[in-house]
């Protein structure tokens, strides 16, 4: 029986074809890197079900999500998406945003409210429970968005550059929070980032794509230590010297 | 006081004259209604039983038409907003036809379809002994014919632009289509929906051509405000004064509608 | 074979030249034309088109613009608001009175009369035989505010019939349409409207001759001494006289209108 994410993604695009093989064990995190326009977002959207495949197959824990003649709609994939923009529902307050996800996962209204309450408490955002998103800072919004994504109980979480719109301090805090929560909830995740530091902090494995194809993959630390392309070398050079990768700690029992 | 900074976004002064002329073209005729009104008889004209009867009928039929347009128009708007671009374009063009058509033509078309001698008309008469022309139902139908496009196009525009990203987000959270519709799409489109309903009501209130042809002009049953105005205008002498008075009443209603619309525009809720 | 196109071309040239010449000739011959505008009630459309055509042939010195037809009330309002009208032919007297009271019309003369008939759709599905039958049928009338409506009201009052109209139309034309399309069982329209409407049948009620609609015509004038205005006034008088002439009256009667004397007689009777 196959578990985790098994994806052979082929999507035709006007300039080039995306053709990527991507496998991920349960409870692990994979970092996906590449220059702008390499096809990262298309891959994320294909896994989320927003983008149709030209060919190939995507399965999660043995269930085929996309493939020949199969296309499960996004809401039936149990795949969460945390993007660059938090996209909190503007007409709901913070608690309602989180409760919405729990309701969507099938919880009763009361249970969903409890889930929202627990999340806000853990994130230290209880004071903002009844605030609309517009009243929250960018960092606070992203934390609520993370809570909302995880409250839906996803089998896989797609994290698409959620730190890039935040200031440096908030980005570091947010990254730490994502790391902790992925670990605590045991959620399988794919993280898209421009930053080698993010990849080192969050992902055991790193997959680098350029113009739609995989150019290098392996253990994050190893890939960055032995860059195969100019792009990877630039990423490796941007990581602060002596930066310690933290997933190693997470993986050890 | 807020200081205004010229950042090069102000309109060039060359547009000033045509712009002022455009405003004059729109506003001066309405001012003439005010100045030409016979103020001494205005109150009596506006509160005469005939005027109140026509106003009451206009409000009742206009509201009913708006409710029915909302029930039929919102699902259609949703369908257009979620169709492929090609299908949406065709549907949108279809919906827009009554907008560019003279309402009279709509009245003729309704008469041909539902008239007493038409197939549908004969069926209605045989089944229920009911004839549409000259009935209040015909007034509502004529109003719906001309007002529905306003609602559909306004709501469709809002649905297409306001919520797409949030709907996708809701879907990735596992929310089914119905939940996305009722808890995300429609609430987010609420300002547009309200604007559409107000526009729809305003258009229904002002509807004349299709009503005159399809529903006729019977006081209390099909004589709405615009028909009462035209009838009064057609009477020589004193009739014209009451036509102006009734026009002012309708103008006041229109201004009220616009004030409501302004208050409910997206972003006005802060 | 080469000849033909050349011939054709020559022909065209000749034609072009001659038409130029004709134009030039006309311009030279014509005295400065006086242009007049006529506003007439819709029901006068057919006889007035014929009269206008004849008038243009007989009076080349007067440039008669296309006649503007509309409801008498609309026309009166336009004239009161300063429309450049030189002759007003109304379908009723109150609208003419309004123009006269404003000092814009000189003496108005009755030039035609009209009476009402019951119009029913082809085959008379409502089985209408007399005015009393209108009470129980789907009947369409003109609104009492407009000339044909006030006449209808008088006629029904005379017959002692109470009719709750399905619709009170703004003009006689839409009454006729609603009868012709079968939407209404019956309607009261002018006798002259029926003449060339094959899809309707008409019934003449016994009292019809007692309710006579009079059509007044008058020169519209702002009493200016301006030379051009005076010329217009004189030209307008020529047209009014033409309508009132024996021939004019002949044309009116050909289209089913009654003579002015009917109206005069009735007024005497009523006195």
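In this document, chain identifiers A, B and C correspond to the written order of the chains, with residue numbering beginning at 1 in each.
Note that contacts are C-beta pairs under 8 Å (C-beta built on N, C-alpha and C of every residue); 3 or more make two chains touch, one makes a residue touch a chain.
Bear in mind that the values here come from a model prediction, so they are computed numbers and not experimental data.
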Most distant chain from chain B by Cα centroid: A
Innermost chain by mean C-alpha position: B
Between chain C and chain B, distance of the C-alpha-averaged centres to the nearest whole Å: 37
Where chain A and chain C are represented by their mean Cα positions, the distance between them in whole Å: 81
Cα-centroid distance, chain A relative to chain B, in whole angstrom: 47
Contacts with two or more other chains, residues of chain A listed in rising order: none
Chain B contact footprint on chain C (complex, rising order): 71-74, 76-77, 92, 94-95, 97-98, 138, 140, 143-146, 164-170, 174, 178, 181-184
Sites on chain B touched by chain C in the complex: 111, 115-117, 131, 133-134, 212-213, 215-219, 222-223, 230-237, 239-240
Residues on chain A engaged by chain B in the complex (per definition of touch): 48, 50, 73-76, 78-81, 85, 87, 89-91, 100-101, 103-105, 148-149, 152-154
Contacting residues of chain B [partner chain A, same complex]: 165-166, 168-177, 179-180, 183-184, 187-188
